[in-house]
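Once you scroll down, you'll see the structures, which are given as structure tokens.
Each of the next two complexes has chain A plus one more chain, namely chain B in the first and chain C in the second.
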Partner chain A sequence: MNIVLRLAWRNLWRHARRTWLTIGAMVFSNTLLVFMISFQFSMYGLMIDNTLQVFSGHMQVQAPGYKDDQKMRQVVLDVQPLAERLRGELDSETIAARGWAFGLASSEERSYGIGIYGVEPEFEGNVSNIPGLIKDGQYLGKSDAMDIVIGGMLARNLRVGVGDELTLLGSGLDGSFAAAVVTIVGVFESGVKEIDRNIAEMPLGAFQEVFYMEGAGHQVVVLAPTLNDAPLVERRIAATLPDNLVVHDWVALQPGLKQAIQADMSSAFFMYGILVILVAFSVLNTQLMSVLERTHEFGVVMALGMRPGRLGRLVMLETTLMGLIGFLLGAAVGALLTYWFSVNGLSYPGMEEMAANFNLPGRVYPQVSLLKTLFGPAVVFLFTLLAAVYPALRLRRLHPVEAMRTI
Partner chain B sequence: MRMLPVLIRLAWRYLWRNHRRTIVMLSAISIGAWAMIFMTALTRGMVDQMITDGISVLPGHVQLHNPEYLDDPSITNRVSLTEAELETRYADAGFEAWASRVRVPAVITSERESRGVTLLGIDPIAERDFSFVDYDKVDGRFLESPDDSGVVIGAKLADTLDTEVGKRIVLMSQDPDNEIADRGFRVVGLFHANMETYEDTYAFIGKKTAQKMLRIGDTTTEVVFFGNDYRNVEPTYEKVAAAVDDSMRVSRWTEVDTYLGTMLSVMDGFMLIWVVVIFLALSFGLVNTLVMAVFERVREIGLMLALGMKPASILGQIIIESMMLLAVGLLIGDALAWLTVKPLESGIDISVVAKGMEMFGASSVLYPKLHMDDVILSNVVVLILGFLASLSPAWRASRYEPVEAITKV
Partner chain C sequence: MTAVRCVDICKTYRQGDQDIKALDHLSIDIEKGDFVCLMSPSGGGKTTLLNAIGGLDIPDSGEVWVAEQRIDQMSKGQLADLRLANVGFVFQAYNLIPVLTAQENVEFVMQVQGVPAKERRSKSLAILEEVGLRDLEDRRPAEMSGGQQQRVAVARAIVSRPELVLADEPTANLDSRTSDELMELFTELNKNHSTTFVIATHDQRVQRYAKRLVRMRDGRIVDDIEQDAA
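Here is the complex of A and B:
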């Protein structure tokens, strides 16, 4: 073992309690950081997935301006052939065409204004989780029959169920009066109030007939294999599109989502920053003490010919050792804690009500990952080293004779 | 007790004997205290704003409905009391504000588009003080009376509908017999709200006009009441509940909007956790400092004990030292927090993440708020926990054997 290393190691344990207390501060912060970061990013992942899988998908092809205005006449012409072509070119089944219109749905007793999607039943399930959430009856069949599925709350408010008929009133693409009688074949429950109260889906063919769409629709939804593949897929699609169409990624489609994450992230990182700084002060204090109390001793070794630079390195080495112990222990405890919650799930009082707002479940299972485990402790380690720079630099100003005089 | 002034003086001097250590520790405590209070002020400001906004949209601290209405907001589920009956019950009950209104889902149609909206039939004069719409900042004009024949919609909705002040739109809903009830209106004003969804969702018409259009006589669908403090709505709740029987449902705002209600308690809990976490991170350094402070003066402590000072005085002196350190650190931290929060109280613009804040239900301007309660809470928590943390090193110091301690090198 290197002599400096051995020296550093022994120095560390001269005040075992002090060293452990300093390491304790690191372990405390590291554990917290590992756990919080893992938890936080699991939430973000869920938020993104759950939100995008309802309707938006990873990207959509639309007419320019449709994203902001959602006007009936901002259409994608020949939407089904376009979706078919994209499915072929990208060799992907997770692409589906849709139309959207606003209409008044009336039952015997009640009338409500709702959003009506025209969907391709055989592909919709690949891009949206609504078809999988049917609680009553079944999802739309392949035909272009005058069928409709509606949200659970809407069904309750309209006092209707599977098999009942609804009258739809709205205006068609050309502004003319559109009306149809449709049969409810299924009722879905997404758990999100806005969706369960306001949304209905019918086959695209029937939709186009009712609203005089003449083959047009409003969006082609694309789900990439993973969120990370989305930009590549987006570029490929953009390259093949005619000038009168645009492709929007999920950030553009759901600007709130990314911003909510950013807002949450900045407040979280402010808090992490404070924690790290507090640990750094703890280390600074310890190392300053340990240098000051050894002034006499340092004076002696310097008088014997040791260079101040080497002494500085000794102090840095001590800090590094201490930091490493804190790093390893903290990362390990943090990962274990996260692992425990990844099995048992985490929930706190009030979480369910809050989480529903962000399409989140009331219990979250954070995932342990190497990057999220190491990131926090690595930053703490870095700041630990930075904190030791001042005490180490002080040594350069040490004068052997004066130093030896201090008690 | 006679010893106290001496102990305080001793503690203060000891603190400055190793001024570097004290300064490092003070900085840490100050930063910790600053972060506690600053963060609390930001969160408090955000939550306050969210709740005030939320309550002005609901609106009301307490609401009165037909028991069916909240699950099924249909015109058939009306308040069974007429306006005159409500008036006799509540006019002199001493609420800050109260109003009865008609609120039903409706469809709004312009020449080009139709959309679903929440139709509000209101008495604009009664709602002026609590409405989320600032009447003076409406493009065009706001409604002037319950008989007003115009409609006021959000600026965003007007964009979507391709309509503007002076143009006509049609509102369509249903009457109690499920007959379509519709009527043409002239758009007289466009309102602006600090959240886009509000501009998309609401259409205001006069209450009397709404009652005529929906053919519901002089009945309404909800009655809203304001007390003077959203945190304490019980007095209002009891007054409202006392005047009606079980055929009506009286709800507090926390029940009507469970997200907002939960938000309040979760944030209160979160702030306490944040204070404790910061303290724990500080506590390691604090205990460390005390351990060192004791360690480097073992001989003096031995001497004092040998000269007849009571162990309790040694214990007291170390604790006083720790409390002084914390108190000074907290004072600096409080001052820093005050200095940083005050200039920001006029609002921090975070409109870059406006849509994100809307998901939280918050607006795009953050008004940090320094609540005395929060400042006191964080200071007291730190002092109490600090006291507990210093017990162990102080206890050790007071248990030294005088002879052993004096001879210790």
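Here is the complex of A and C:
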């Protein structure tokens, strides 16, 4: 074994307890980092997926001004043929056309202002999870039937159920008065209050008839295979669109979501940063102490003919060995902990609230991934090495005779 | 050939508001293959002179030449290389490396020099045998007596056959028999390999082996005589 390596290894165990304490700090912070980062990104993934799979999808084709000003007349003409064309060109079923209108829904007893989606019943289930959340009755069927599905809370508020009729009042595309009587075929429970209280869906054909849409709609929703594929799909769609239409990605459609994630991420990474710096200082302290107490010995070794630079490398090597042990143990323990929770799930107080806001399940199963396991420990390792640079550089100033005089 | 040449070197230490001249305009030439004994009352400047010759300490003025190279202007790294290649040191306090065993301490210099493991092993075991420490090669310094540590330090200094050995009180902790054995070993090296020895000592027994006796006082050479070695 190389002499510097051997010296480094032996030196490390000279004060075994101190070394283990420092390694312990690394293992602790590494474990925490691995688990927290895995958990955090699993949460983000869930937040994004669950939010986007309600209505917005990964992207939408719309009229240019529609996103910021949801006027009825900012339409996508011939919305269904467009959706059909995109499904063909992209060879994808997760594309669906929609219309959107405000209206007044009245039962015999009460009236509420609601938002109404006109949807393609056979494709809506591919881009939205609402069709799968029907608790009572069934989802929409034929495209021109005067049917409607409504949220559970709306149903309770209107005191209606499956089979009852609702009267819809609103204004059509041309500004004229629109009215229709529709039959409730299903009631959904999404778990999100705003949706269950305010939203209804009806077949696009019937929607276009009621609101005088003349084949137009307001959006074509697209769900890419995964979030990572979305940019590519978006580029392909953008290339085929006429000038009077635009495609918006999920960040544009759900600005709050990205902001919430970024805010959470920056506060989390601020905390991680503090943790890493604390570990770095404990390493700095240990190595400085171990260099100072070996002044005499370093003097001897230098007097025997070891260059000061090589002594510096010795200290760096000691730190590297210590850091590697901390890295391996921390990453392993962190990955195991994360794995345990990925099987058994995790929930914490206050999560219910967050879960309700972002349409999340009450239990999260964080996923173990190589990148998330290695990232935190790698940063800690890097800062550990940085912390040893100062003690190592001090050795260049060492004077052998003075060093040997100290005890 | 001159192994060591000191020209008019001075070294002053400040102690409080008093200047101590550890070396006071000292000049000396030592030929290759010489066997020099430095003697002085305590505080006479022996250790300071050895440190200057070994490049451990740079004099305030004057020139120091070792192996035909001027060393008082070299960098720390160059000095380290010079010591590694040419100089064997036995320190006044034997100064072993505590985490290494006796054998590893002896092998240390060779390892830094990059000598292959097999050669290191045989050489270190042979030299430990010569200084009478066979069977103690696996002990660490803390597990050895002062005299045993001293002998390991000697073994470490001579094992790589340096041209110049600087020894500061190498027999201070040894009984008379071991001292004699050690001096025999030095004499043999001096004869067979023309290794130059500069030994600082109070020990009368050591002085008998020297070819040249140099007496110092207050940083100056007061007496310098050749003698027939024992």
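Heads up, the rule we're going with is that the second predicted complex is superposed on the first by the 406 of 407 C-alpha atoms of A that agree within 3 Å, B and C clash if a C-alpha of one lies under 4 Å from a C-alpha of the other, contacts with A are read in each partner's own complex, and residues count from 1 in each chain.
In this text, a contact is a pair of C-beta atoms (placed from the backbone, for glycine too) under 8 Å apart; a residue touches a chain by one contact, two chains touch by 3 or more.
The structure displayed is predicted, hence computed values, not measured ones.
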Greater residue coverage of chain A in the superposed arrangement, chain B or chain C
B
So, A:Pro400: does it touch chain B (first), chain C (second), both, or neither?
second
In the superposed arrangement, which partner chain does A:Leu245 touch: chain B (first), chain C (second), both, or neither?
neither
Applying the document's definition of touch, where does A:Ser29 land relative to chain B and chain C: first, second, both, or neither?
first
Which superposed partner A:Leu7 touches (first chain B, second chain C, both, neither)
second
Contacts of A:Arg307 with chain B and chain C, given as first, second, both or neither
second
First (chain B), second (chain C), both or neither touched by A:Ala260:
first
Once bound in the complex, which stretches of chain C touch chain A?
51, 54, 56-57, 76-77, 80-85, 87, 89, 91, 93, 95-100, 104, 108-109, 111-113, 156
Across the complex, what residues on chain A touch chain B?
15, 17-18, 21-22, 24-25, 28-29, 32, 69-73, 102-104, 106, 108-115, 156-157, 170-171, 175, 198, 255-264, 267, 270-271, 274-275, 277-279, 281-282, 284-286, 288-289, 292-293, 348-351, 353-354, 356-358
Residues of chain A defined as touching chain C within the complex
3, 6-7, 10-11, 14, 296-297, 300-310, 396, 400-401, 404
What does chain B use to touch chain A in their complex?
18, 20-21, 24-25, 27-28, 31-32, 35, 39, 42, 71-74, 105-107, 109, 111-117, 159-160, 162, 172-174, 178, 180, 258-259, 261-263, 265-266, 269, 274, 277-278, 280-282, 284-285, 287-289, 291-292, 295-296, 350, 352-361
